[in-house]
Amino acid sequence: MNVILDNFSLYRDGFLQTLKICALAAVGALVLGTVVAGFRVSPVPPLRWVGTAWVTVFRNCPLTVVLFFCAFGLPEIGVNGAYFWFGVTGLVLYTSAFVCEAVRAGVNSVPAGQAEAARAVGLTFGQSLTSVVLPQALRTVVPPLGSVIIAMIKNSAIVGAFGVGGDLFAVGDTLTSARGEAALPVLTGVVLGYLAITIPGGLLLGLLERKVAIAR
Amino acid sequence: MTTSVLYDAPGPRTRRRTLVGSVLAGLLVVAVLAVVGSRLDEKGQFSAEKWDPLVNPSSDTFDQVWNLLGGALVNTLVAAALAMAFSLVIGTLLAVLRITASRWYRWLVVGFIELFRGVPVVISIFFAARVLPTLGVDLDNLWFLVIGLTVYNSVIIAEIVRAGVNSLPTGQREAAESLGLRRAQVLGLVLLPQAFRAMLPALISQLVVVLKDTSLGFIISYEETVRTAGIIIQNLGNPIQVYLVVAALFIAVNYGVSRLAVYVERRLSRGKKAAATLSATDPAGAGAGGGG
Amino acid sequence: MRLRRLMFGTAAAALACTVAACGGGKDTGSSNPPVNTSATFDAGTTMAKLKDAGKIRIGTKFDQPLFGLKGLDNKPTGFDVEIAKLVAAKLGVGADKIEWVETQSKVREEYIEQGKVDLIVATYTINDKRKERISFAGPYYEAGQDLMVKKDNSAITGPESLKAANARVCSVTGSTPAETIKKYVDPANVVLFDVYSKCADALKNNQVDVVTTDNVILLGLVDKSAGAFKLVGKPFTTEPYGIGIKKGDTKFCQFIDDTLKAAAGDGSYEKAWQDTAGKVAPDAPKLPDLDTCS
């Protein structure tokens, strides 16, 4: 286990990099996913089609393929930038499809009477969605959304292969491959790093779930 | 549809406004696609030289490319099917263990499940391929990929099965126990068969996840679809085109599997009363086998 | 019932597919070196074992243009592959009996230690750290780390100029060049991918300014770029490529060294170069001085 202590600063930087990627991607995915969910229930047919196509594409494509198109497709259409942002974009696009479906399921779970009442007092589609339906839906979708975000944290291990660099898994790869360290202790360190994020995340989610359950 | 609850049946003015909105949104979509298309065209991404090996059967390399892609797709499906089969068995065992375990070792099972639920699947694959050989396990890359996927997915399936068992009415368990069945019999004969019926759609959806995750085999040079795409690209120099085809392949297969899950779900919820006839015709079992 | 049938079905399908899919990786080229069918070796040596088995497992790269690149016909080609065929032929093993195994940089020592391959010819730089775990025959070629830039780039003249130009440098994860270049540039400016072809794409799209690795690998990328890239042409390391074998197998090492010398003598070494990397770098190299086997 000496290899973990000897390279502690590398591990720490990798851990922070992973946290940074995940925090940015989580915010992006939640916002974008909610917007796409709005598209999917909107009265404007082209928006609905865009929403459906969006979900079909990003839910059924492997993340590696999505990340590839971010890292090599975007520059091809004239969008240049840091690979860090391409990696975050890929995670956001991929995760937004799952967020969208969770939110949409939440919207559908809101009793019809709520939306009808909103309409009865004269709210428009946008108003009833943002001030009546979504606030209630978001509360019911906390557990599935939490699972989606935790899955995203685990998925973030792949961005290292697309030029982002410096994340936890990339640290493990550098140590085992370029420096020739034994795989077992190095990877144990990497796993501990991820568990340090996902297990507290899961516990937090359990707490939230209980809190939401009481509130209803 | 519940979504129509969100807005009234539109009157003439709203319909006009929706029409305007539709046209505007449609135009925006078309405009975005046009910009992307023209930018790609500027870079020569629509040239026959880059597309012919993939779409033109008379091209010299068409047969070779599709032979490679076909073999790779088979490899992807094999890995996914094996991983799914093993995950089902191990996941069910774990779920049973977790439900029946006495307190003194239940924490062990729970700990195992929580541990592997928190580990990225790419790391469990990497772990299998790099650590197991140092312990003297000599296997093909296929099996390392299958092991990595199984470790990750079996704990997820364990949780799905547990949720399924817990969702059953307590009367089922009580009735079985009052008949004098032993604990194993209660689970095996009464609870699990019903849980599986309830969980089948979720299990089929999990197959989509497994299919997508096989693409992580590239990290241990298992020649699945994404890895093979890389080899084709090195020879032909057309990454955008090859990846578009790969994306289309994955979307087609996974969309099919997802539709199957929806179909099974409908079928099951419709046939709740006619459960006996349903298991006789066995539509879901045969279909799921084909999808994997 | 249903579940059992389902699982049986998938298992049967899986079995059928594995049997059908694992046939690849054999070579039946026409210009292969003549097989030394009459070779005899002392009993107990690796050579005798391989000769008797009539087949050999050779590790090489599948993604390195000019040295080891898997083609659309599912067979690897390149200078490394030709060198490996020469060795196999001398053992009495024909090119069609070679099982090619992909050995990415990070698994090479492991594959030799675990006996997954009999030898590795895969742009494999001889160094002391690796010698702790395996032995090398050769070297059969001497490369050096170099830089590749866009054709119109005149600011970058060598590794020392990278910092001033604030250049973003691309290489491959877990490779030695990637570690070496970190001495010359800020690690934040180093971009890493899993294969070099992605680096070439990144250079084409101005996502990076420089690609660095061994000059011969870069040559392959320059060749494929149709004039868009150029080599800076000032190698700043020496990378002697060796043939990796089990640690301490001096007899096998000696045999490979003899084979290399013979190949240099009868022109088959030069032919191997001309058939592969020679298409881009016509000047055939001379066989470097061989290390002593230990």
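When the chains are written out, they are named A, B and C in that same order, and each has its own residue count from 1.
Quick note on the criterion: contacts are C-beta pairs under 8 Å (C-beta built on N, C-alpha and C of every residue); 3 or more make two chains touch, one makes a residue touch a chain.
Note that the structure is predicted; figures quoted are calculated from it, not measured.
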Chain-level touch network, classified as line, ring, star, complete or other: complete
Pair of chains joined by more contacts [C-beta pairs], A-C or B-C: B-C
Central subunit by CA centre of mass proxy: B
Inter-centroid spacing, chain B versus chain A (mean Cα positions, whole Å): 18
Computed distance of Cα centres, chain C from chain B, in Å: 36
Rounded Å distance, chain A centre to chain C centre (Cα mean): 38
Chain C residues counted as touching two or more neighbouring chains: 194, 201
Residue numbers of chain A (touch at least two other chains): 72, 76, 161, 176
Multi-partner residues of chain B (each touching 2 or more other chains): 130, 134, 218-219, 239
In the complex with chain B, residue positions of chain A that touch it: 40-41, 43-47, 50, 56-57, 59-65, 68-69, 72-73, 76-78, 107-108, 112, 115-116, 119, 124-125, 128-129, 133, 154-158, 161, 169, 172, 176, 182-184, 187, 190-191, 194-195, 198-199, 202
Partner chain A, residues of chain B touching it in the complex: 2-3, 5-8, 10, 14, 18, 21-22, 25-26, 29, 35-36, 39-40, 43, 45, 114-115, 117-123, 126-127, 130-131, 134, 208, 212-213, 215-216, 218-219, 226, 239-240, 243, 246-247, 250-251, 254-255, 258
Parts of chain A lying in touch with chain C, wherever the complex brings them together: 71-72, 75-76, 80, 83, 160-163, 165, 170, 173-174, 176-180
Chain C to chain A touching residues, read off their complex: 105-106, 109, 129-130, 170, 173-176, 178-179, 190-194, 198, 201-202, 205-207
Complex contacts: residues of chain B adjacent to chain C: 61, 64-65, 67-68, 71, 74-75, 77-78, 81-82, 84-85, 88-89, 130, 133-134, 138, 140, 142, 196, 218-219, 221, 230-237, 239, 279, 282, 284-286, 288-289, 292
